[in-house]
Every structure is written in C-alpha cells, then in structure tokens.
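As written, the chains take the letters A, B, C and D, and residue 1 is the first residue of each chain.
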Amino acid sequence: MILESQRFQPFTAEPIAVISESGEWIAPFELDLGPDQLRRMYQDMLVGRAVDERLGRLQRQGKVSFVAPSGGHEGAQVGIAHALRAGHDWLFPYYRDVALPLAMGLPLVEFVAQAMGSAADPSRARQMPYHVSSKALNLFSAASPIASHIPPAAGCAISMKLRGTDQVTVCTFGDGATSEGDWHAGVNFAGAQGAPIVFACQNNRYAISVGFEKQTGADSIYTKAHAYGMPGYFVDGMDVLASYYVMCEAVQRARDGFGPALVELLVYRYGGHSSADDDSRYRPRAEVEAWRKRDPIARLRRFLTRKGLWDDEAQKEADARIAAEFDEAVAQAQAAGDVPVEAMFEDVFADVPERLARQRAELLG
Amino acid sequence: MILESQRFQPFTAEPIAVISESGEWIAPFELDLGPDQLRRMYQDMLVGRAVDERLGRLQRQGKVSFVAPSGGHEGAQVGIAHALRAGHDWLFPYYRDVALPLAMGLPLVEFVAQAMGSAADPSRARQMPYHVSSKALNLFSAASPIASHIPPAAGCAISMKLRGTDQVTVCTFGDGATSEGDWHAGVNFAGAQGAPIVFACQNNRYAISVGFEKQTGADSIYTKAHAYGMPGYFVDGMDVLASYYVMCEAVQRARDGFGPALVELLVYRYGGHSSADDDSRYRPRAEVEAWRKRDPIARLRRFLTRKGLWDDEAQKEADARIAAEFDEAVAQAQAAGDVPVEAMFEDVFADVPERLARQRAELLG
Amino acid sequence: MVQSIARTLDEEMARDERVVVVGEDVGKRGGVFLATEKLFDKYGPDRVIDSPLSEAAIIGAAVGMAAHGLRPVAEIQFSDYVYPGFDQLVSQVAKLRYRSGGQFTAPIVVRMPAGGGVKGGHHHSQSPEAHFVHTAGLKVVFPSTPSDARGLLKSAIRDDDPVVFMEPKRLYRAVKEELPDDLDALVPIGKAAVRRVGDDVVLVSYGGSMAETARAAEALAEQGVSPHVIDLRSLAPWDEETVLEAVARVGRVVLVSEAPRTASVMSEVAATITEELLDQLLAPPLRVSGFDTPYPYAQDREYLPGPARIMRAVQRVLDY
Amino acid sequence: MVQSIARTLDEEMARDERVVVVGEDVGKRGGVFLATEKLFDKYGPDRVIDSPLSEAAIIGAAVGMAAHGLRPVAEIQFSDYVYPGFDQLVSQVAKLRYRSGGQFTAPIVVRMPAGGGVKGGHHHSQSPEAHFVHTAGLKVVFPSTPSDARGLLKSAIRDDDPVVFMEPKRLYRAVKEELPDDLDALVPIGKAAVRRVGDDVVLVSYGGSMAETARAAEALAEQGVSPHVIDLRSLAPWDEETVLEAVARVGRVVLVSEAPRTASVMSEVAATITEELLDQLLAPPLRVSGFDTPYPYAQDREYLPGPARIMRAVQRVLDY
C-alpha cells in the first residue's frame, strides 16, 4: 500500500540516485533543501571521515583498542540521520554507525570517550569502541552480536504503535546481518504488526571477508522485503541526497501508519573490517580503487560546487574546525580519566546484590 | 533459472491445481500416472485419515499420550511422498507428517509403536507420539522445536551437493515454522549454496490458534522465496495430484543442479492442533465446515470414480484392509512391551560414561 | 497455580496500563495452559499480543517495548522452547543495563512452564534454570505454590530488572489455595520459605520437586525423622542466609531438584554450603536430581527424583 | 596454539576426506584468528565453507552434514556468538542420538575461541562452558597448550559424538611448543593432565586460566609452598579420578576458572569433591573465578583471576 503522492517506487531494478557521479541533479522532482542543510550534510560526512583518520591514529598509538572504519558509508549514514526527528524518533544502530549518531547530535566527546573507554563515556566504559548509546537521543545501546538489536527495535516500534505516539524507529545493520535468525524474527514481527519502523541496510557487499554471493542466494537485500509484506527500496548509498529522500519517504510512510519498510543502501567499506582485519587477503585492490572513485563526499562536493555552495576556502575552514573539535574532544575524554574498578560490579542490577558485594570485597579487600 | 521444459511457473497468483473440486482433469498437460499409482495415492490418503481416527481412539483410551491430527493434510503429504525416491532421497519431516512417512514406506507398526512408546519403536520410545524416525528410509528424526530441523536439512543437502550424490533433500514444516529464526537461517544457507533441497510448507493458516495474518505481514509463504533467490511455487494442497506434480518438478530441478525451491501447499487442519487443544476457542465452525467440503480424499475419489478406477466395492475392501492392518500393528506394538528403564541412560553417547553409569546404579541400585 | 497466574496478570494489567502480555497463543486461546485466559477479551489485541512463532521475536521485542516504557510479560510456551530466544536473553536482556551504563534497562518478565512429569518427552519437560542462573544480569524465580506464584509474579512485574519466571507445569492444577485479597501481597525476590521446621536433616528444593520433597518429608516424619524443609522460590538471587542458617544448625542437608545434576543450581548450593560451613557438616551435602541425560519419554516418572530416591539420600546422610 | 590448530585441521582433512570446515570467514580469510589459514587454498570451497552470518546455520548445517556422513568441524568466530546457534546445539546436536534411539548421530566438532584478557568487552571475552557442560549429550574440551589442542582436536574429530572444542584465545600466540610428528598423537577426551606434583595444595584449572594458575604455582613454590597443579583439559566428561585422588592425598584444593562463579563448572567440581571426600578435606574447596557480572571492558584485567587472587585463596586454605 504505497501512497500515490509518494516520489519513489519500491523494488526498482536500479538503485535510486538523485545526483549523478559528476554532481548534477537528476531526479524528476525539485530539490527542496536549503543551502544550510546541504552544507550541514556535507560537513556531517566530513566528520565521519575524520573519525576514521583520527581514531585510527589513536588506535595505532594504543589509546583506542579497536576501530571500525566507516569510510564509504557516510552518504547513507548522513542521509538516514537527516531523515529522523532527533530526540523524538528512536535509532537502533550498529557498530559501523559513526557519521549517523554524530549527525543526529551525539556530542563528539561522547563518541571519542566511548572509544577511549574514559569516564566521560555515558555508558561507563562498558563496551568496546564503536558501541555508542545515548538515552537523551533515543539512541539505543549498540550491541556486538550481529542482528541481536533487530527484535528489540521491532518491539520499540510495536510499543510506539500501540501507545499511539507518532514516533518512528529506524534500525540499521549490514548485509551480513540479514542472514541471522534474529534479523528475520524481528523484521517479521514488525511486519505482522504493521509497526512504524524502517529497516535500513548498509550493504557494502562484505561481511568481514564473506562476499555477498556467499551470504545469500538473493541478488539484493531489498527483495527480501517481499517475505514480510513490506516495500523494499533500493538506493545508491553513495548518494547522500538519494539516501535522505528515500529514508524521509519510508519514515513518513511509517509515521502515517502505513507500516514498516526495508531500505537497502548500496555502499562500500574503504577500510578493512576493523583494525584487526587485513582485507588484502580477500579483496582485490582494484575493486577498492574503483569504489573510491564513487566517494559520497566528493560527489556531494561536486554538486555543491556546481551550485556555488562550496569552495576550497570553505573546505579549509571546515577541516580546521573539525580538527579543532577533535583535539578538544580527545582532550576532554582524556581529562575525565578512567572509570573506577568498582564500577565493574554496578549496573548488573539496579542495586548491587549481596553476592556481588561480597565478590567486590574479594577483589578490593 | 527455471527450465523452459518445465510445466509450472513459480510465483503464480493462484494456487496450482490439476483436478477440479468436482474431479475433472483441468491441467494443460496430459495425466501420465497409471491406475495403480493413482489408486495407491488414494489409499495412502485413506491410511493417513485412519491414523487420526484410530490413534485418537487409543489416546482417549489412555494408550497414547498425545495425537496431532493431520486430516486435511493428506493430499499435500501423499503428493510429496510420491515425488521422492524413497530410501535414496532424504526427508526432514515434522510432527504433523503422518500419511507422508507411511506413504514413503514406513511400516505402520513403527508409526504405531512410536506413538504408543513401545519397545517396537526403532527410536526406543524416546520421544512423544508423532515424532517418527527411520534410518532405513533416510527419514530424519523429527524434533519438537519448530523449525529446528531446517538448518540440518540444509546441511544434508549441502553434503549431497559437495559429494555429488544425485540425492535430494525434502524438508516439511507448517506456516508458523516460517517465523522462526532457524527457518530463515537454514533456507538462506541452502539458497546461498544452491543445495538440492525442496522446502515444502503445509500452510493450514494456523499455528495452534495464531492465524496467518498475525504470523507474518506477507500474504503467502511462497513469496518468501524471493528473499533467498529461489523459485516459490503456490499449490492447492487439497489436490494430491497438483501437490505431486509440482513437487516432482521442484525435486527434479534440485536433482538436476538448479538449486533449492520453496513450495507452499495450501491445506487445512480439520482437527484441533492436538489432543490437548480446543480449537473452538479460536476457529469458527463454519470455516471448518467450508474446508471439509474441499476434502482432498473426496476430491481424488471423484476423479477416480469418473475414470472408473474406484467404486464402493473397492472402498469397502480398502477400509477393511486398512482396519486389519491397524489391528495387526497395534497388536504387534503392544506385544513388544515396554522399553526397559535402564534404556534411559543409553544413547546419550555411543557408550555410557562412568558418571552416567553411577547415576544408573543410583536409580536401579 | 495456573488460575493464580491468570488472575495475577489481570490484577497487574488493571493496576498498570504499561503491563502488556506477549507470546504464542496468549490471545483468544488464552495460552496453551490458559495462563492468560480472558485477558484478550478484557484488554484487547494491543495489550495481549499473539506473536509470530519465534521466541527471539517474543523476548527481543519485549526488550524494545520495555526500553520504550512498557512493562511486558513475555510467555514462552514451554521452557524447552526458550533456546531460539536464548541469544536475546543472554546478549540483550541480561546485558542492556550493564552495557549502557544504566541508560537503558529491560524490566521484563519472561514466563515459562518448566519441568517434567507430564509425559512430554524431552522437549516439554526440561528444567533449564541453571542456564539462567549462570547468566549475570537475570533474576530467576521458580515458585511452587499458587500464592507464591502470585506474590512473586507481582514482584517480578514491578521489578526494574528482568526476571525469568519459571512455572512447575505439573503442579499447575495440583494444589488449590485461598489467595489473599490484598492486591499488593508481594513475595520478595530472593527470600526462601521454610515449609517445615525440623532438626535431623535439611531438605532444600524448589519448583515441581517441592511436591515430592514434601511427600518425602511426610514419610520421614512418620518414621520419626524430623526434616527441615526449605523452598528456595528464588534461584537468582537465592537465599543463602536461610539455607546456611539451617544447615549450620542441623549439619545434614539433601538438595532436591529435577534438573540435570552437572553444573546445576544445586551444584552451586552444595559448593556454597561447603565453602561456608565445612566444619559444621556432619555429612556431605547430597544432591538428588534429574539425571545427566536428555529428558526421557518412556521413563518420565523414573527420571524425576521421587520420595523413594530422596529418602534413600536422607538415609545416607543420617547413617554417614 | 592457533598454528597448532590450523596444522591439525590440515592433517585431519588430509587423513579423512569426510572432514570439512564450515564457519564465518574460514575461507580466504583463514578465520579471524587464522585457525583455518591456507586450508581454503589447499582443499577448496567444497571442504572449507564460508557460511552466511548465522551460527544456527553453521551448527545446524553441520548436524545435517554429519547425519549424511561427513565429519564437519564448525567454527564459531567467538564463543560469545554461539547463542544464536544455542538451540541447534541443545535441541539438535545434543539430542539427535538419544531421540532417534541411536539411528542418527551428530559427530561434529564445534570450535570456538573463548575467554577474556583481550580487551574485547563482554561480547569477545565470555566463558560459556557451563552452558555446554550442563547440556547432556555434549562432550566439552578446553585445552591450554598447543600439543593438547592438537591431540584433543584429533580425538574430537574422530569421536562419534559431538564435541564442543573451546580455545583460550589469549593463549593463541602465548606459548611455542614442539609438536610430535606422529599424526595419531591423540589426547584422550576425559583425562586431565598433572602439570606439577606437590603436597601442600591442589590447584585445579583449565583453559586460559592455566597461565595465571601456573604463575601462581611458581610464586608459591618460591615461597616454599608445594602446589599440585591439575589441568582438566576436558570438562565433559571431566577427570574425577585424577582430581579426587589428588585432593584425597593433599586435603586442600583451590579451583581456578575465569568463568562467572554461580552454577559453573567449578561449582560442580567443588560439589563433587565434598560429596566424595568430606572427611579428607582439611579446608573448604575455594573457587577463584570470574565475577557474576557481564564481562567488563575497562576492567578486563581485574575481572580475570590473576596470580594475586589465586595466592590469596591458597593462603586461606593453608591457614584454615
């Protein structure tokens, strides 16, 4: 049940794009975003890219135990972020979401503090880097087990529906996640309940080393929407504006009571799977290079330049501002120091039970 | 990749049928089954129906702890059974499969002995009734946890492929099973590997009391095949010949190396979910009556009668023969007596480990 | 007991509109054991949700509902079927508060009929409580009486942490009991109940096995042996104080549970008792338990620790 | 140790063409820890199968492959990720032989790196062995040395029953060891290894904690205390004879494991020791273990039972 009024059709053979590689507007409708928001989207992508570079350095310095590069995913992530009502809607993210939470308003210091495991991390240094969580932003705590957040996301959306809030849940994940049983269980429950949720797959066609053709017999993710009676949208995730417009439509559809949708955003992972990975074992360099030419940041920059909304001057300023923000965030995170050892025994339950208190004493005397 | 030569198209809007309610041949191709096989199919359905009646009686007499009525499923089940090479291909069944294993050649006494928990049960009275298992017939041991047999079935088919046997695995389940994560995980792995397996769903539109519309947002099961890159066939499961022909085609496809398929057989469950169920709490009687008019047995009988292959005389003989077979089977099962108590400690492992031997002594002194 | 549970769910749903029920067949069917009978008619499909056939969906969705502000009571049709949802229980339910530094919590109740004695074979008879008790972040209760079921279910629903609520299915229709009118008659999680005071041997049990333990205690009393009977009721946290106090006084203890023995809840109770009370023990703590086999079908009764096995163990600790 | 595993898999695949490897990233990537390195190039995609991202698919498919005649070795990338496949392990792997009366069996090996100390947070550090040991029908081993890993992996692959093969990931690159040339150098499942003979206190441990236990033993020896060190190696079945014999002789025992304490493998060992040896105990068996919290991130080191905590426990049993 797609509305006539809607701009995009589900199940298109080709990924939806609104700006061309060379930066022209190619959509059948008018651009309706102001210069400020366009520039903000661009700079939100720059911040995401900068995280790879800055945290990568901290990782090599041993100040961060692990990084998950998101270079190549920024277009999809920033498009998703701008389609949400931050602080009102809920996001159930996964570890590769970097530009996404930051563009939603997560303070850079919180991201950095979480990665460094400092006391400035609102989740008290309880998880590996790249597992953000923000109650203030309705940003559900990311968990490592792939797809384990899908059923909770479905439940959140079902709650939104039965309580009649006009909120929407957005849930992100990679292509590999779609093979997990929990992914199916959660998407199917949301579909059966017609809950207001958008499942957004960042398909970089690899699950660590496992290529897409070994992941599933289907030749795409969006076709899997058929299994749940929901529309499946196929989007060029290297096109931030296409990602934004399609997500807006799917989110609006859900908000208006037309139920869930599955959106596949085609992206690429420029870096290794993580700082522990050596992707040269399984990925031809030529493939990586080919995708680098399709960089989502360069693409939007061409578009902005054509429209006279961006130039080298602006770029220099932005780079400088972002670098300064990072220096500041790292400084704050370090200044906050470490979480105390006894914090290990807290938040298992609302209160520390006797048995745990005795174990704490066993350790701390 | 469907062969030109094939008779049926996947993803049809209407369920495939080859004989009409009134028993006329309505398929665009010639019937190519001899009188004997047609009569065998009919009588295989009669045996399935008789199990409901006879074991239901034993259950009320307290000689069987539980029954799972399969009345209404016989057309689909017998169609599946005749499409397999018994003893060569593998079947991963579920608890509602009754006419299916029997039509494949499972001795009636084994089915009855399993249900009665007698020593004549080849699986040593280890499971509830309606959980058959036959190594001789490549009939994998049925397990209660819904859909837990799907990944094993996929693995069996993957083994068939990588060892280059020309076997096919058939895996059956109900509509509710398709919601389990394990169902998705298994079907997806089979699809990714292009393994020779046919997933056959007996869709009676209820999972105990849960109606199909609460089970999934999709309006059918066969459409779920899109998610795995395999063809989905939609069949009238009350038409034993349609079930047979479509299954034959899907099985042949798999045997010829064209990979897995999902077949949805639309059926109805005339009885309650089990002897523990009261379906009047959730199912309108009128609905049950309407489906009884579509009885797969009556339908084939009309067809056979039109062709002069069946009459009241034949029916009387068949009923009498089947009744006698049951009397014999029940007698044999009872004569075999109970399994010894100490059997409880065997088959946990190949040998009884010391620890278990001590526990056995604890019980038996 | 099952009527007590249905009534309690009704009372709590009436008290707090955030309480919803979700599971397989909990709607019109009222649950396969009728633990949710009449709730659908009274509260409708928004608060009594028939889920698809997926335990991961049931438990996982409950987590999201709870994070969003509801108080879901999830039903797993049989405890044997919790395993498809086990990752949700271990990775989401048990760890949400911890991993988010207390920002998000999962105040849910996961109800499940457990235990054997119903000729259900190994997939309708298991006692998986050890898996839950071993998982940090879960509270686990296993009442044996209708009033404890009511009082503990109320406590569980009102608790800010997740509670696995296990129900001894073979006692569902065993005992009738007058329930107090007080709608806030809570039974605190973590407190055991002394069912019988005695001096010769301490019998510790919980859930379905309380029935056989009580029968054994009766028989022992008739033989002039004075048993002290403790019903743990809560397994995580469990009432170490009550158990240790009794064992310290009596010096002999038999631990009765139908769950498989190895690395079980009673292994923990036994280990804790010796750690704390070695010198007061007049005999080794003995476990009478289910066997380390899958739950059988034909030997449904023999598998369970019945009065005879319990009394043999008591004899051993008395003769020690 | 990880090279020893890769080499052993190669040896067994060369010996028996029924042996196949299945898991996430086991192909070209050679596994995220390189435990299957070079196997893909040597044996190809039919015997080294990159699975979709689903542990249920990996473990479940292995069952079907085994039923059909193969000898699959499944890899779970981290033991923390076994839970999505837990139903397959409990409902299919552990029960297939039993429920079919021995008609069908699942001779598979499920390998998984386990344990902490790698700054992996709670989803790359857990020690779930208690869940497996509590599940009747599974054999469980947890070697701590390269040669035990090789010998036990060979035994596991050749065993006619399913074996959960746990690997202490923080020791993957810790010790180098000369491996015997003998391709059939099996280590029997169920036999412990005495690492050090002594008279004052028995230290029982396994897996990753063997490293800290050995260090503690060194330090104790320097202080003139003579520790007897046992490496269980197998957890199901575990070597009761070797442990009981030592404890009966020495009278004092400390049980070291990094797994959470409650209802753990060491709870079972402690319970069994007191059941059998109450009168020979000069002090209560003490457990030094991980805490009953989710595995932390910041306190990765403090969570693990290090030499200091082990020695404090030894002091307590010596002073008792």
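Just a few scattered comments:
Here, a residue touches a chain if its C-beta (ideal position, glycine included) is under 8 Å from a C-beta of that chain, and two chains touch if they have at least 3 such contacts.
Everything numeric in this text was worked out from a predicted model, so none of it was measured.
Touch-path distance (fewest steps) from chain A to chain D is 1. Of all chains, A has its CA centroid at the greatest distance from the CA centroid of chain B.
In this structure, the chain pairs B-D and B-C differ in their number of contacting C-beta pairs, and the larger number is found at B-D. Averaged Cα coordinates give chain B a centre that lies 40 Å from the centre of chain D.
A separation of 44 Å divides the Cα centre of chain A from that of chain B. Chain C and chain D, compared by their mean Cα positions, are separated by 30 Å.
A separation of 36 Å divides the Cα centre of chain B from that of chain C. Residue numbers of chain B whose C-beta contacts span two or more other chains: 124-127, 131, 143, 145, 148, 179-182, 185, 188-189, 192, 214-216, 348, 355. Chain C has residues 51-52, 54, 56-57, 80, 83-84, 87, 91, 95, 98-99, 122-123, 136-137, 262, 291-294 in contact with two or more other chains. Contact topology of the protein chains: fully connected, every pair of chains touching. On the side of chain B, the complex with chain C involves touching residues 65-66, 117, 124-128, 131, 143-148, 176-177, 179-182, 207-210, 214-216, 276-277, 281-282, 338-339, 341, 343-345, 348, 355-356, 359-360, 362-363.
Those residues of chain D lying in contact with chain C across their complex are 80, 83-84, 86-87, 90-91, 94-95, 98-99, 122-123, 130-131, 133-134, 136-137, 236, 260, 262-268, 270-271, 274-276, 278, 281, 283-287, 291-294.
Residues of chain B touching chain A in their complex: 179-185, 188-192, 194, 213-219, 223-224, 226-230, 259-260. Chain A meets chain C in the complex at residues 90, 92, 121-127, 131, 133-135, 140-141, 143, 145, 148-160, 162-163, 169, 181-182, 185-186, 188-189, 192-193, 346-350, 353-355. Residue ranges of chain D in contact with chain B, taken from their complex: 20, 46-47, 49, 51-52, 54, 56-57, 59-70, 72, 84, 87-88, 91-92, 95-105, 136-137, 139, 160-161, 190, 237, 240.
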